[in-house]
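The following blocks contain the structures, represented as structure tokens.
Two complexes come next, and they have one chain in common, subunit A, joined by subunit B in the first and subunit C in the second.
Let's look at the complex of A and B:
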């Protein structure tokens, strides 16, 4: 028997006034996966997450979370979702212990051992005042408050923002710890691609309100190809080829980055008669910057990078 | 951490390949012997702070290449050496590495005599590793 997906978004569109924030977005997050939600600032990640949790109404389309419509979530379903909003807000006048007690009173399930383990992991003391914590410590407290109810689905909005490397590592460890239990799902947004590469099963790339890739990290890297063409003379102008994301010319070289380079594209490259053609591996960060960078071509979409 | 793995996510080499290379090196140098058990996927993933699927993928690829073998319910072990690549494929892989080595050596201004001595010494060192236990 297959478990239904933890998150299903279908043709979601959201306008603020006349501004379109999210355009016809569809995304499925399978139960049990760690999903990295990527995109530059202002591309609609937070809006999508807020609609998903029922804090905003979609203009068109729909979102389902744990099998329920996002705009009509029952309290029982809400209790199965852990949401860590951007910015790690806490009630500054409470102590760490009091924050825990306060949060516990809202949830039918509360695992004090988990709460204490995360607190200790981030080196927090129960009697510390929440208002006096450093950014990393505050993130730890918020994470402990989110994890202690043992949610089946975790939605983390840029959890690593402003954290030092040690706190970030603790965050990743906590995320992996959560998914040791079967059927636990995490959707997290992040700009730290090295973190994403460490923990994510799949990524979705949101750009200009549109999902432009939905695949594994590995597939994303494989589909983006960087070629260095060497010429004896001045290189020709880069031809307009399908999927060309960016190109760069030096005295004797022409560098081109493609999404979904096909054998046909490779044949067209060979027609430029370079001295040599060398494909170069890219880091996830290079691939991402090429894909959503300013110069990136915007005419090919999600279905081409889907699957696998 | 028995293998002293080190992972750098910001590399152009995918993480599962980095793990593969390090296991390959450990076996080639005799650090890991035939029949020796590798760390469980879960525990290695935890030590390295990685998604367990990434570690599993590296192991699967190495099993496919014949370097490791999976014993049901017991874990992953270094396999008895056997021929999994065709002779043509073996030659292709070695040619590629030989090209790289010669290129580097030429850039460093190494002479053929030095290079040959180096190859001989390295080869002998690998051969003289203590024999594997079952």
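Let's look at the complex of A and C:
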């Protein structure tokens, strides 16, 4: 018998006023997976996470988290979910130790060793005032507070936002610690694709409140193709091809990025009679930018510059 | 819970201490504000002083509001709030943690200053007035009222939605403040404040579960919120009334009254909207003498006081005692006029203990007490004056003690008590102060009402006149005394006795006799009953005053009827007035209120239908508007769930965004448009994912 999913979202829609933020979103996060939740700013990632944790109510649809309706999460279920909001909020007047003690009083399964390990990893002293910590240290403290209850599900909302590379790396290492335990699930939103690439099993890409991709990282990268077509003369305008995300024309080159490019599309490209067609490997970041970036044709011709 | 309380206390204790210092300073300053020009404490004494009560009223409310907001608003930032709520505790516990800590903080911020003020006033040597423990009542009422504002602020902060919706709890607390300040009885004021605290607290508890929508809160919290919303709407009415008053929209009733002029003749003073417009004689003709024309007549009205309200007790009439409002010093302590010979002294009557305390205003110490058995040393427990004894200060150091069977003149400065012979058979029914103007000074007299005559004493205790009653004092037993400036003429006025019901009384004439020192009637007047006063309130002010609607209007009438049936004289009189002289007005107002409420109910019905509310809610809100009129409409407008709608892609009609199918055409929402660029990969088992990674 398969394990029930950690998160199930069905046809979730959220309006703020008459503005639709999330539209008919369905997503399943399997137990034990690390799920990257990607999308540009304002695309509905944080709203979805807030609905998942019961801080906001969906306009339509429903979400279940660890088998429970997200709008009525019991304290017992909350104890099984670790949540790290993007602001890395701590009570500035508490010391690091007091922060731990305060948080520990709510969680029956508080693991002091984990807490101490994480704060040591971030070089935090128990007597330090939380209000005096650097951004990275604060993120570390928040992560320690989130990990020490040993949650079954970790929901991280852009955890690396504003952190320097070292702090980001520390955060990732600590995050990976959780996944060493069996059946631990992580859902995290981020803009840092390199981090996502490093840890995520699957990603969901949210664009305009709609899920546009829900796949493994590898699939995402494979399904996005970038071709550089070289021409002796000025390249022709790109034809309307299925899956074309963007094109870029220069004096002798035409670059096209496709999602789900089929052999038929490649044949249609060949019909343009370029001197050469070069498929280019894309990093996840390039793929993501092309995927959620501005679509359509862009041009840059030097003769136009000379003409001026 | 303990940790939550600790966190709240640690986070906000500084604010509480700062508020405590600010409020404490303000209260002590208000207590010590100079009393110059107010030797009889018209503006209140110590803990009942107007300035002090203004400070406690506004200060406690401000402290409550600040603490309530400070506990929630800084934490409402999305992430902070989420961090607070995402803990394995029920949200209700988070609220109670805040509320309990807030209670402690409020006690520090507002309770400590009040306690300090009380202690400061109670310490001998600080104030030239005796300390009466009951005088803490108004301050305590304000303190409790301020606690209501604390919960109102908590609710307002936790409440989602429009600004006005958030303001409703504060307006509800404001309404209770208006109510509490207007009450005579401390008990009623406190009961109202405590009831509102409970309701606000429950509504706040519900709001932490779902700030956005009321219907997702526990049912008890929903009910509490509706009550809050309703009283919030009443608070809007209170504000409208105050603004209307400031803008001159609230008109005063038009009425006539009569007074005796300084020549002994009665004159009718006619007012419109509380402004004196004419003075006429009893036949309605203006006076020829210029000094009795128009507003100048006020300066030539004879000063008269009531000696008694009824003679005899054949009707077993028990006069209701005068109960000043609990916010007035007069309810606890009455200051006699101070005198300065041989030294500055002032006597105070302690209303509950029914004895006098003498104070030295400069030294601020007690120097003697006076009870039924005479003077005693300060601090001595003395026998109180019996209830049937009338105590009246004549002028300076003279006090008149009139028991049913004895009359004593007391020289307060000399500590001497002289019993006077009675010129008529007892019992004595009451004493009135009268005076004649001689140039810039006045000469004082005392009128003592016996069963058959009114005896006039000078301040030396000599009977200067015995004025036998010339009318049926059983029915005209409210007897007034005045002295003409010539000092050889006395004016006795007879009004209908208090035991006669109000409806009959207003249709009975009054009499005025001008008498000489031998009791001979020189001139007699019969004053016919005046026209009933006409309430000329404008509709705008009326609607503002009764924003509550028909439920309150008829509910109040029912309350008065039940109260009258149960024996309340006050409610019987109010009902008699409402259904007697003001019946036409009552009918007019009632019909306007019902018509307006019907109109508003129709508006709400169609509004709710248009908002696509379920039928039960449509009818429920219609009933609320019908019962509570404008308040019902406001509550629906602010608190009623009105789901947002957008145009249906299928039929073009408005449809609710939270419903799966269109209420008009039944179509579902269209699926997201398919796109060749979508990358949806079937989910694989986590084990396979792990292996792949």
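One rule holds for everything that comes next: the second predicted complex is superposed on the first by the 295 of 308 C-alpha atoms of A that agree within 3 Å, B and C clash if a C-alpha of one lies under 4 Å from a C-alpha of the other, contacts with A are read in each partner's own complex, and residues count from 1 in each chain.
Methods note: a residue touches a chain if its C-beta (ideal position, glycine included) is under 8 Å from a C-beta of that chain, and two chains touch if they have at least 3 such contacts.
Everything numeric here is computed off the predicted structure, so don't read it as measured data.
Novice: May I ask you to decide whether A:56 touches subunit B, subunit C, both, or neither, giving the answer as first, second, both or neither?
Specialist: Touch partner of A:56: subunit C, not subunit B.
Novice: Classify the contacts of A:110 with the two partner chains as first (subunit B alone), second (subunit C alone), both, or neither.
Specialist: neither
Novice: Of the two partner chains, subunit B (first) and subunit C (second), which one does A:176 touch, if any: first, second, both, or neither?
Specialist: Only subunit B; A:176 stays clear of subunit C.
Novice: Tell me which of subunit B and subunit C touches more residues of subunit A.
Specialist: Counting residues of subunit A touched by each partner, the higher count goes to C.
Novice: Scan A:282 for contacts with subunit B and subunit C and give back first, second, both or neither.
Specialist: In the superposition, A:282 contacts subunit B only.
Novice: Mind working out whether A:201 is in touch with subunit B, subunit C, both or neither, as first, second, both or neither?
Specialist: both
Novice: Check the residue A:260 against both partner chains and state whether it touches subunit B (first), subunit C (second), both, or neither.
Specialist: second
Novice: So in the superposed three-chain picture, is A:218 touching just subunit B, just subunit C, both, or none of them (first/second/both/neither)?
Specialist: Both: A:218 reaches subunit B and subunit C.
Novice: Would you tell me the residues on subunit A in contact with subunit B in one complex that are also in contact with subunit C in the other?
Specialist: 34, 201, 218
Novice: Sort out for me which residues of subunit A touch subunit C in the complex.
Specialist: Against subunit C, the touching part of subunit A is residues 2-3, 13, 15, 17-18, 23-24, 28, 30-34, 50, 53, 55-57, 59-60, 71, 75-76, 78-79, 81, 83, 85-89, 91, 93-94, 102-103, 105-108, 201-202, 205, 210-216, 218-220, 223-224, 242-243, 245, 259-260, 291.
Novice: Note which residues of subunit B are touching subunit A in the complex, please.
Specialist: 7, 9-16, 42, 45-46, 49-54
Novice: Mind listing the subunit A positions that touch subunit B in their complex?
Specialist: My answer: residues 34, 169, 172-173, 176, 180, 193-195, 197-201, 217-218, 221, 280-286.
Novice: If you look only at subunit C, which of its residues touch subunit A in the complex?
Specialist: Going through subunit C, the ones touching subunit A are 2-3, 7, 10-11, 77-83, 85-90, 210, 212-213, 216, 644, 646, 657-660, 669, 671-672, 675-681, 683-687, 689-690, 692-693.
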